[in-house]
């Protein structure tokens, strides 16, 4: 195995991005395409080669740390510039460069009409570099560096359409929430330095069982989880992800669906040695994941913007992964991470074809009946919906069932979480089929589409086709009672993971098929059978709700009429939790800061005597403080 | 006694007097370019001499000057700042027609800072601080035809003189308590004692913290900072916020980590509190500023807080972190001010945040440097600002002052609010068509300083290891190694 | 040398070795500062045009009371102060010049040279001309 | 020890310091403010000289001499600025020089 390959894989996207950025003027589009897509594809091929080489090694020899130079040396603490190449990082590299290549190819067409063609590919290349750095880092400091850089790339790309104020606001929100996570991780790193004197993964994991006290290990893992939750949009740090849909759709597909947002899952799996020492933190992780997956699934049912539906579903799906990781089913979490990358990228890209075809429209109210015009997108979206809903045989089916089955086997807490997960699987099927029907079947929207829907050309269609195949068949790499390639592959990193028992699998299989069927059927009955039904259902509430006058609320009101209590909960969560509690807290903090700033501004009145007076008060205050210190 | 080791200071002082006389010469070329050339040559020579004498401590003038690694490292910081500022002010209106005065005042100020860095004696320390301040009072008011420049100078002078008196009184009390003005002898005299029952030392500590805190513009002694920074000519503002800050921190380290180290347990808390206050006040007040110079002034208040964390830690490790962060702070601040200076030449309202609207898109290289500078100031990994904060917070944790590290971390989050605003405006903003262009030729040398600072921000992070080694040996020399 | 520091008894005429001195400092300073600060605030302030006029035995003043000095007056005064005090340094040097030897002489020459250069500068700039 | 005890030097010094401080805060004329600052610097000088006598060494006296020169430099700069303000026909009132604030 040649670990230098990892450096090349890491460097190529950065090189491409830097070349693009440094190009003195806007380069020709063909040049931009070559410099943008080329490094990505080569990186993917090299990663694949690395993977093949690794397959040839004994499982004991598959972990290599490639160290270049010592970055910092302070006393005993030494931090190297080093990459850790092992099955886990190679798996992440495959996902990042593989899905990334497809999305880059797609973008050459999708962004064709954008004036900032070069900037788009430069920033995307920078993102891929940062993401690879994150997964390849061999110590916590470089993990944090990568972690922060992907946040920066995400900030730049969410704000890509900087003319739109909401995009800039969303970018800022995402960045600030992510920095909160970064800081939690920095503090965790401090604790590790103080307690263990090293930040090197291998040394930390080796020393942790004896070197870290119970409290310290819980603190470290909880702080790391704050970082993970911020990046992976887990409650209560999830509010930035739906807003992040202001970015271009390929960005949403790559960063806010397939790769960056799953970094939290990667982090927990990477540091699982610590989580295994911290039962409380692990339970917290699992419960947070379960709460998130349920909350996000219910909220997704009332969204009108197609990309927001997908954003909430991303939060929900990551909730599954986080829950699995909290319950110790690391293999299942990584498995779902991979299949989710396939089908969520597929969904974003195929919905992106619709948006592209409609010249930018994103509201479900402006869609319907598009299946006749955009057949390819219809089929692709349908495959994605089947996969995410977990229809048997598709990718999502195997991975989601493995998470649920592992939960069933994970004690009392696991059973409760299993119930939540199974229920949410039904809701998932409902909202995804709703998305499918409202977009592609039924009548055209009143007033038409505004433009004639344009089918997409091959650079967009080909990646979608590849992802569709992966979403359909990619799940077969690990089949219950059959073969366990994922678990075998990850064994050098996460140890031999026990596979769920037969009872767990049978119960889960039966339940999930049932709830998915119910959810899909409900969506079919409401949205597909009779196009007038949603309106009729909504009509019953006309007398009691004046909201109907408001066209935008249509959706909310009939949805409420249909599913009743669940729906009420969704509304409640959306209104209270979303706009009320979490945002209220953020808003409160911001207005506090602004208020104090204005106060300070008023105190700064330009008069010398005020300044002298404050100084003297400062002296008196320091004197009092020192007197207290001395006499204490 | 080895006088040779004092050559960097002597060269800078001589350069100051020579460039003053150059301005008086009857030849036009000598008048216009002589002082600048002499100043630059002198500074470079002083930098070379500083590197030549990099080594063990040499005590000059009976121990009142300590020529050691610490003073040499700081010499390099001051000289870098001075060279950058002289390059930045080539076309500055305040400097035209009085090149001689301008260059010599900057060199005098630099010589004062070098005295502070090498001070082994309270008298030298005080003279150094006053030399640097008095020169800056004049420089701040140099554009005498502009009311705001005058106001800035006069305010700085009055408030600064009060600050100096407070500091001087502190020194007087310290002398009264120990009977000596030599820092080394003060350390000996204080060994094994505490503040209990020693009112003189008690008063000295409070007053010195306040007086030096004033020079470093740490809260609550910072209030002059934004006004003076806004009113002064921008290159001078850049000089004040980089070199003066470094000199003040050098004085803190010399007095506290060097001289008063024996009673560290008594003063670490109040310096920690001053640091925390500066971080909170600076970061919050910066949130609502629309003028770049004011914004950077408040940001420099907050940065003074971060720098003081290393002093509060009271350890070699803390001093090392402060020195590293001073280097990082120097280059990121220079980068930010260089861009403000360029904008001031181009448009009329050049020192406002709005003047930067869309600038980064038009000048991507400058935009990239501005981005590096702002992110580094905010402590964004992996830039040098992050590394410096990491080390500073680490030293606080190590010194059992976790609360200080937490306040620093919270301050960093708050600071994103305004650093990001600047970046947002620069990359995403659009300047109204009506905005007035000044149309002056934008200074090429300022562009050079911008790019060089940007590269240095990256280089300090990449080559952190050798730089940290130098900082460590400089910090160790504080305690006589 | 800790003994020298520990013995702060001499600081205070009474044998109180504790915080009394600092307390006295604070009280004294506080009283003076407080009095001056508050006294001005206590009385009513009702400035009027009549009160503002200078008192000249009941007769209205014929000339403005404040005569402005020429700026040159300030210039000369300033320069005098600076050079005067700089030269005060010559006295301590004179006292020890014999003991300091060659080095002392060099230092003295450097000092004098600097002062003279300042004088030349001032001269060339025309600050010594009385217009 | 003969003569006035150190305590009284310190009291005098401290009183002058407070006086100067109040002067800086109460006065509006920059010249008078500079005068007040001089008072503060020289109060420190009294303390220095007092301590020097107490310790029977010259460090404090040298310090005081240096401070005198420094104070002169400061006050001359101040006067220079005042002259500059005067030439701009601005009011000699520090309170009116508050365009920089916020």
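Think of it as A, B, C and D in the order they're written, each chain with its own count starting at 1.
The definition used in the following text is that a residue touches a chain if its C-beta (ideal position, glycine included) is under 8 Å from a C-beta of that chain, and two chains touch if they have at least 3 such contacts.
Predicted model only: the values in this text are computed from it and were never measured.
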Once you count every C-beta pair in contact for both, which comes out on top, C-D or A-B? A-B
Centre distance in Å when chain C and chain D are each reduced to the mean of their C-alpha atoms: 5
Report the inter-chain centroid distance for chain A and chain B in whole angstrom, where each centroid is the mean of the CA atoms. 42
Using the average of all C-alpha atoms in each chain as its centre, how far is it in Å between chain B and chain D? 26
Geometric centre distance via CA averages, chain D-chain A, whole Å: 64
Give me the residue numbers in chain D that touch at least two other chains, ranges are fine. 17, 21, 24-26, 33, 54, 62, 73, 80, 82, 87, 94, 97-102
Contacts with two or more other chains occur in chain B at residues 155, 158, 162, 179, 202-203, 226-227
Could you pull out the residues of chain A that touch at least 2 other chains? 601, 604, 606, 608, 612
Could you run through all the chain pairs that touch each other? A-B, A-D, B-C, B-D, C-D
Over in the complex, which chain A residues touch chain D? Could you list them? 601, 604-609, 612-613, 616
The residues of chain B that touch chain C in their complex are 17, 20-21, 24, 177-179, 185, 188-193, 197-203
Residue ranges of chain C in contact with chain D within the complex: 10-13, 21, 24-25, 28-30, 32-33, 36-37, 40, 71, 74-75, 77-78, 81-82, 84-86, 88-89, 92
For chain D, which residues count as touching chain C in their complex? 1, 5-7, 10-11, 14-15, 17-19, 21-22, 25-26, 54, 62, 65, 68-69, 72-73, 75-76, 79-80, 82-83, 86-87
So in the complex, which bits of chain C are touching chain B? 1-2, 4-6, 8, 11, 17-19, 21-22, 25, 114, 117, 120-121, 124
